[in-house]
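Chain IDs A, B, C, D and E follow the sequence of writing; residue 1 opens each chain.
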């Protein structure tokens, strides 16, 4: 076991633990904060796995923008604490069934899956410049589409979030 | 040498599981959206691992777009949640159905 | 099987007549009912003339498929517009022509949504004609459904007793049948390895293994059997007949039920003779049960149309029994029975329809003494009942007789049972006649009129046909034989 | 025995005889239904033509030695050929003559009887139909052809019995007649099918050749014969299908005279005679026939003894006489049966026509009522009726005597004396009930039986009716008086073409004497009870209430049928079938449909649960399918 | 050098997007917006039709233009145009949001056009997301906000979950094979077919498109969304969106040729058909009924796809066209019958045959087509699907499908009954059949019947297109 692998397992533990804690919080603000920790861990993991640019983006966008947005909303709605059971039983049942099936499939996949996948990964790193060139060489169409996507999100969030002034009732 | 790819996959799988359970089981729309984000993040982990495995950049490129989509998702999703909250005064997903019946 | 190509597309012109009628009616404004009726009568009369023409022009000495027309349709699938008639289909074309024309005339007094009614009727009949003359599996199925779906509207809009229930039951039941037919068709087409829907190519002996034949035949038998009213899939038929308006009952019982038997014959027996032989005992059993069961249930009915409905079940059982004998005699008898029963039941429904239109009741117990008030109408009813009983010198008799003879050779027990059912059939038919036509005249109906000449004309035509083929059955048998002999000789 | 073709000189008249009534029927039914006089004229003209042809044919062929036949192919289906044609031999010619004669006379008679009836056109139409069918049946060359016309005759019978359809009883009787004869016909048809299966040919002359036996296993032969005899039972109203005939008297009286005594019901006997050699091949079956004939004869005699309705008496007597004929034939005497058929046709038609006059005149069927109303004032009628009754009882020198003697002789030749005893008993009973009626009519007592409702409802009839009706009576009376002397010529003529080897009837000297003695005994008994002054006007049977009820209720046969029909057929079998149809088949379908709808509702309800539960199911299913990859 | 001409339909759509982006910033004018949309969408259809002959590999091989993609683009453009046709005087979306409505519609169409051309997993993913998000927002834009938001939220939740599943599947596929090009995946197939990770990944990947096509178990959004969306939006979801999903499913199905996939697809097909048809039986809301019917139609299409041969792909393509026409016709009636922003119930169709005979006729043909009754296009499509499946020996599947067809007829006939012989209450407002609507109905009838009866050309076209796939 190398240092890197040890690091990996530590990060993995951090990510899983913090995510697990996050999703079981009653207080939504706490949940968001724990998730931020998880995303930080993920960012480090990305760095470990040779994606420094992604690590940065993860911190900026995921942990930064997205989670802050969550926090805003939580504050806005003023609903920090949730009453009632955390996992109501009638939702828990399908969730557990799905989880059991998922775990079954996952374990089997680990057991019988790709033997080549057990080879340890060599550490490597993609330099941001190289990555950027690759991205714009090959996937600039996708980038354009992503820009459209963000435009759509903008339009959508604008009109959905804006309560119409006259608070229209459905027409008869 | 870090870890086998399958371990990265396992980590990603576990994260996905957590996200999935959150999406299904939490009775709060914000947590549901949060769960979706976790699932996306899980996939991102897997892509980064795969990208390293084959030493190809396609996987990493995908992660960029995942982040973009995640941003879209959270903005649209939360906008919808807020709008729903304004209509019903609650972020309980069950409101979605109950008012349906009365409408 | 030899093919005689047509000099003139007689068959297509019959179809065109139906479609021409349809289009013409669609172009006439809906309130001009008189014109619509005349146009309908004209076009249906034309189809009758054309079908008669085909009946006369068919060369019995040559046999095989005649008046053949063929145009490639979808080449990649091997579908072609391929028409031709043989000794089996010519009588049925004639039957359709007669029943259609008479049905149109029968509805001369219709006032509700006239345009749509006749338009749908033309569509329905186009399907029937197409099915009888088509030699391409794709088109056979298309025409089959074209002839079925107008039924739903025709019954549900213009019908009577429990019309929506009846229409829905009928339509779903029959389409359930088609749910078996279509897979069977595709199954055969795919397994032939020929990439063609051409019936004449697919009926080559030895093309299908016995297993395939048995399998496909069973599907055809049940699928088409539903339409033919095979027990225990018959319950749609009385309900549907009762609900349907007169002309639709006529066409339905007179022609559509024949499609079922014809389908088994054309698809099942032509392509899967081994399956035919294999399943014949089952067919015979179900047919016999149908014959006996139909008359017994008919005995208990209180609605005339129900009685006729169940008698149709019984009579179609005779067709089934004939087909199940796998013999020339049985086949001849069965096809003749299709024809004879078609005419007979059309007469029956048209008489009952007239009575219902006037008295507004179909309940046997409420009627009575009609022979006084409307002697002609009840005369037609009595004549139809007598034909149904199988009185000699009326068309049905020959058919039933030959079927019995054939059945007696192959399935003596079933033959005996079927013959015995004749007694009960006489009992219940005469019961209807007695309760409706005989007895003291009913005051309620004393003011009603008898059949006028216009409305009497279609019934007269039917009566004439019944007598004509009752006295000269050989005309029909010689025709059918040109098809049944080669078919049976092709069997191993 | 050679069979020859029919020369044109015979073919044309034979076809004319058949075609004329058919043409009349068609014409009347399509054009002349409303024009009674014209219809009657056309019909009578047609049947006269037939009669003339029949006479000419018989005369021209008198003494023929070989049957003539002519065959056309009617239809061919596979290896089944159905042919039609004409068979001219002594039996068919004789029968044709009988039929044509009675038809003609009855139609003339009907001019008076049916005058003024609104349905007269229709009546004559049906009469023509009957004449056509009956004559065609008589001259049929194959058994199937015979069956076809046999059915048509039955149809004519149905239509004529129910002629006054507004009467419930009439329509009911018509239906009953049709269905009961149908029952026999089904057996007949099965017999035909059996024969066809074994011989492949239904030519009557072929069936009558002895080598037919070689093609049949004995048991099958017996079965075939018995099945065909089933047809005879139905048509000739023999036991156990005898109850339709009395009811058939609901029809107009001329119809009863023509169809239900003289000709149609005799068709059964004719069939037996027609296939006599074929029947003879199975002694077992012949014994059964003999037994059936005997039982019918005795049963119906007892019924006749208590009947009050004139026509009923003659109806029972018809059954009994038909039983006699069958006994004669079954006992082995071809001639005896046929001869009795011929004579019976004459005198029984006469009896009915006489009764018709009485009924027409007095508007009632009840013999006591007629008697009180002065029935004996109609001299001609009463005289004719007495003559006919004498013939029926077998009084010499009337025709019935000779034919009955022939039958007795045949019975005496039989090894078992029981049949002869039964025959003699029958003769006694016949004489008793016939003269009971005659004496009741002749000597009205102080009986105060209430009048029964009358059926015809003609009211007072003009005088010309009587004249028109009396003519046929006199002709028939003459025939009854004279026909007995024709026994020997007829016998020679009939046996001219028969295959040899048939047993000849014995002539025992004591037999005629005994028979006449019994006959006179019967008449005497009737005289004592009904005829003499201060007669009690009550029969000996009526003194025994149990027996009287048994006879009056027709031995409960009808009751049994009614019960059987109502309970077994109608309620049990048909009820079960209907319940099955409604509850099991339709119920199953509706259940299926409801089940589908219910499932649909449930599925829809799943799609309305909380969105997260749906998501849970979605995940579970997709990962379950992923799991499936490992199996 | 890139061949920009080959991109002309997409470029035109991009221009349209620009136009409406501009319009959305001006003063709202619903009538002008509609006119503009009508013109641009008609031009888009023209451009797409003109572009059927184009072909080429673009954007470093991530994007392929061929007959297959161009055929689908035509269908998409047609769907866009037809839906725009329905938007005259649209009540379902507030007047001041109509420019945004057309904008999103155009974005969605563009996204789907690109989707069917994508041959790289990344492009595939991002175009799919773009089309999905525009639809989520379109659904939420309904004038009846409470309804729109609820439906939009549900649509979003299911969609996002499905896309997460799909993304995870993408990761598995990419992780096992190391390539994201469909071509390379296809080449790697012989090695990978035995890999459970690959199979599972592919299955999850397909899940994202099953969501689009509303295949069980991803159908859970369909009824609520059809019910909650504005009528033209529901029409768009039912037509164009389905077409695109079929196209990309066909492209991807080539990868899953193992018996496992055939089984899984068969199970999904059967489940979709059955669930869709059963649930539709009890519906009273016409749109909800059509939603379930869409689920069932998706099941039929899967039958063609799981045949895994060109004939099956051609059949699925043919059927996509059929679904477009038939479903559009149904929604045309929905839009015309609806009062204001309401959802029409089946009873609301009463009297249709009297006030709008041509439309009633079109509805009848469409329903018969959906129910698989000849001589409509729906029957021909089903025949092709079943023939393809039968050739691969899936007899039972075909039989079950046929039984489903019968079940479905029950509710189609119920609709027909309402349209043809329910008597409307006298005070109910009734449909006015305008001339353009009449023409549109006639065109639909012609398309359904003529192509149903004489399908030769369309079959040839789809065959040629499908031959390019495998």
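To be clear about the criterion, contacts are C-beta pairs under 8 Å (C-beta built on N, C-alpha and C of every residue); 3 or more make two chains touch, one makes a residue touch a chain.
Everything numeric here is computed off the predicted structure, so don't read it as measured data.
Trainee: Taking CA centroids for every chain, report which one is farthest away from chain A.
Mentor: Most distant chain from chain A: D.
Trainee: Check A-D against C-E and say which one is joined by more contacting C-beta pairs.
Mentor: By number of C-beta pairs in contact, C-E is the larger.
Trainee: Please work out the Cα centroid separation of chain C and chain E, and write it as a whole number of Å.
Mentor: 42
Trainee: Measure off the straight-line distance from the CA centroid of chain D to the CA centroid of chain E, and report it in whole Å.
Mentor: Computed from C-alpha means, the inter-chain centre distance equals 77 Å.
Trainee: Averaging only over C-alpha atoms, locate the centres of chain C and chain D and give their separation in whole Å.
Mentor: 37
Trainee: Compute the distance, rounded to whole Å, between the mean C-alpha positions of chain B and chain E.
Mentor: So the centre of chain B lies 26 Å away from the centre of chain E.
Trainee: What are the residue numbers in chain A that touch two or more other chains?
Mentor: Each of 91, 94-95, 98, 102, 105, 108, 112-114, 117, 138-139, 142, 146, 149, 152-153, 156, 160 in chain A touches at least two other chains.
Trainee: Which chain B residues reach two or more other chains?
Mentor: In chain B, residues 5, 9, 16, 19-20, 23-25, 27, 32-33, 49, 53, 61, 65, 68-69, 72, 76, 80-81, 83, 96, 100 touch at least two other chains, as defined above.
Trainee: In chain C, what residues contact two or more other chains?
Mentor: Counting only residues that touch two or more other chains, chain C contributes none.
Trainee: What are the touching chain pairs in this one?
Mentor: Pairs satisfying the touch definition: A-B, A-D, A-E, B-D, B-E, C-D, C-E, D-E.
Trainee: Residues of chain C touching chain D in their complex?
Mentor: 169, 232, 235, 293, 296-297, 299-300, 327-329, 332-333, 369, 371-372, 386, 391-393, 397-398, 401-402, 404-406, 408-409, 415-416, 419-420, 422-424, 426-427, 430-431, 434, 437-441, 473-474, 477-478, 480-481, 484-485
Trainee: Using the touch definition up top, name the residues of chain B that touch chain E in the complex.
Mentor: Residues 5, 9, 12, 16, 19, 23, 29, 32-33, 36, 39-40, 42-43, 46-47, 49-50, 53-54, 56, 58-59, 61-62, 65-66, 68-69, 72-73, 76-77, 80-81, 83-84, 87-88, 96, 99-100, 103 of chain B touch chain E in their complex.
Trainee: How about chain E: which of its residues touch chain C in the complex?
Mentor: Its residues touching chain C are 353, 368, 373-375, 379, 383-384, 386-387, 390-391, 395, 398-399, 402-403, 405-406, 409-410, 413, 416-417, 420-421, 453-456, 459-460, 463.
Trainee: Which residues of chain D touch chain E in their complex?
Mentor: Interface residues on the chain D side: 596-597, 599-601, 603-604, 607-608, 611-612, 614-615, 617-622, 625-626, 628-630.
Trainee: If you look only at chain A, which of its residues touch chain E in the complex?
Mentor: Result: residues 105, 108-109, 112-114, 117, 137-142, 145-146, 148-149, 151-153, 155-156, 159-160, 164, 168, 170-172 of chain A touch chain E.
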